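Provided herewith is a single structure, encoded as structure tokens, for subsequent inquiry.
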């Protein structure tokens, strides 16, 4: 019997959509105000979904204290109150769209969760725009 | 790497559940107050989910400005502040249940989104009742 | 010691903004799509706020079962799945704006709640538009 | 054409995480404050998802009145305002984690829904922690 | 210039409505299932509202770190994952209705906030039932 | 009969808490990560509350189209996708705390709304932290 366990978390960050292979002008043409050189920001909400077998004795899929801890150490401590473009190494090469931030979080958490468990990550950039990545 | 991008939108409309092959009495027996001949209405909330490959350079699955635009032109401009039974041709033949409204929205948007992208539509009729359609 | 007790409820209804002293054309000019002659509708959410002394023994301001019951009998049973313009006598003379619906609900509930308690009513027409009335 | 119909419901209950094969001390070490011998509690929110063919005439997957009724009779009447450990027979042998409560609700509702329809159940223990079970 | 600063917090607890001057039977007659002797529980949400002058230099009414800290130390650490009737001394004499829990939280926080600031507390027992207390 | 009409709106912006009379070090000591020199950001949500007499004929307090328009032109167009510290003149002298942003919005809208109407502004910096200003 497999159950999906989901846990919400939050971080607030500044970013801009900017592709360094393009001119500043082309970035503004394509990304509009999302490419403001002075940055803007969001309250990002993430939902981490872990699917796996329910342990017969303990009735759990994953220790929630451990799940909270890796979300805090690996994601919140790294991204909260940061400028994604300037302060997160990964986003010096990769444009911090919601899609790419979600993939980054998935890749980071994947290393900390047993491979016999399935992982998905949902990332809300605003209450109206969100993305989900499951590893393929 | 495939990511699902989701976008929420809203429209307010009147409708009634009414099957023209049935008598008025049978409609009221089966659908209850949802078949009130004077109509009732809802704040419908839709979530459009588009799954596709993340472009390596731009980091996006679909241009969000385009997605907003087709939701506005094809759905909101058509359905918002309308009486679905009286003013939307499709619902002259088809009863406007949440299921059928969701299928109608999916069919309408499917024509505007590349076939290499997967489309799902979620429709909330109330905060407690919602439906989802993915094309099959 | 006075505490305010609040209770949420819901009803779904059709309406249009229409002033009978005006021509159809003027109604459409002023109210726009909200005056669609075929009606549109909303999931209305109401919050009833009752402020009064906390009873020293029972620790309550008002019996919540009674409060639920009058909201159900006086408001939900009357307004849910109705066309406000066509089916509610009060709105044959009074345009069913959010303001006027809120006043109507307040007036209706006021008669059922002890005068030593203060009453306010909040009415959400959509999640983004809401009104509040406290009796003056 | 298959559509998923979802319906939310609620129940409030007390519980504790406690495995009778373990000592009181080990329970507290592993489950922490969730194992408080005096119990704590939650506002549980459930979402029941039923996927099936849309009937061509009626435009529905399942009669929503029936769905509401089985959720009320089988789940809310049984679990609401209860102590899960002391009053629900199933949880005398099985620890009432969110995972196990979700499986219990799924098993209970599965018997009441046609086998040609797919059933999933989502259970929110808090707004930040939730689980989902689909039968395997 | 006075601004009201509000901060949300959460705790999960078990309780029952029970007045020791009444028989078990009378408690069940008056409070219904809320008086279940085995307890039930809630995810309580609190909002602490502090109104005061905005400091001209720092632009704040109250240090948010301090506000978070007193909510955590005085309220969450005391009430979270507890049985209010059995484990909180105050509720051995006073029935833990939402009204009384709100007054208790207000009294507790009032001692930790400067008297030149106005304090209100909102307590949600469920998403549909909430109370507010402002000290009189 | 006076009713309060409320309208929600949104803007996303970057900011940092920084007082220019203080050293960079003191800013970091006092404001912590909120003073990150590279900025962070938020999805700000505002609620504009206008209280006034309900017009007897039209049943409204204020033309909602006008209210939406001034919120869009005066607030959203100015603040959305901006860096508050670098791009908004007012915040070159005044630290952009939630309190001060709320006062700025109130002052801006006050000039556009009739003085016989009362104005309040609520500003959510995150779903858990919000402020309200009513002009005194």
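As written, the chains take the letters A, B, C, D, E and F, and residue 1 is the first residue of each chain.
By definition in this document, a contact is a pair of C-beta atoms (placed from the backbone, for glycine too) under 8 Å apart; a residue touches a chain by one contact, two chains touch by 3 or more.
It should be emphasised that the depicted structure is a prediction, and the values quoted were computed from it without experimental measurement.
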Expressed in whole Å, how far the mean CA point of chain C lies from that of chain E is 29
Whole-angstrom distance, CA centroid of chain B to CA centroid of chain E, is 42
Where chain F touches two or more other chains at once, the residues are 127
Among line, ring, star, complete and other, the chain touch graph is other
Checked against the stated definition, the touching pairs are A-B, A-D, A-F, B-C, B-D, C-E, C-F, D-E, E-F
In the complex, the residues of chain A that touch chain B are 17, 19, 21, 30, 32, 94-100, 102-103, 127-133, 136
In the complex, the residues of chain F that touch chain A are 10, 12-15, 33-34, 36, 38-43, 80-83, 86-87, 126-127
Note: in the complex, chain B contacts chain A through residues 1-9, 54, 57-61, 64-65
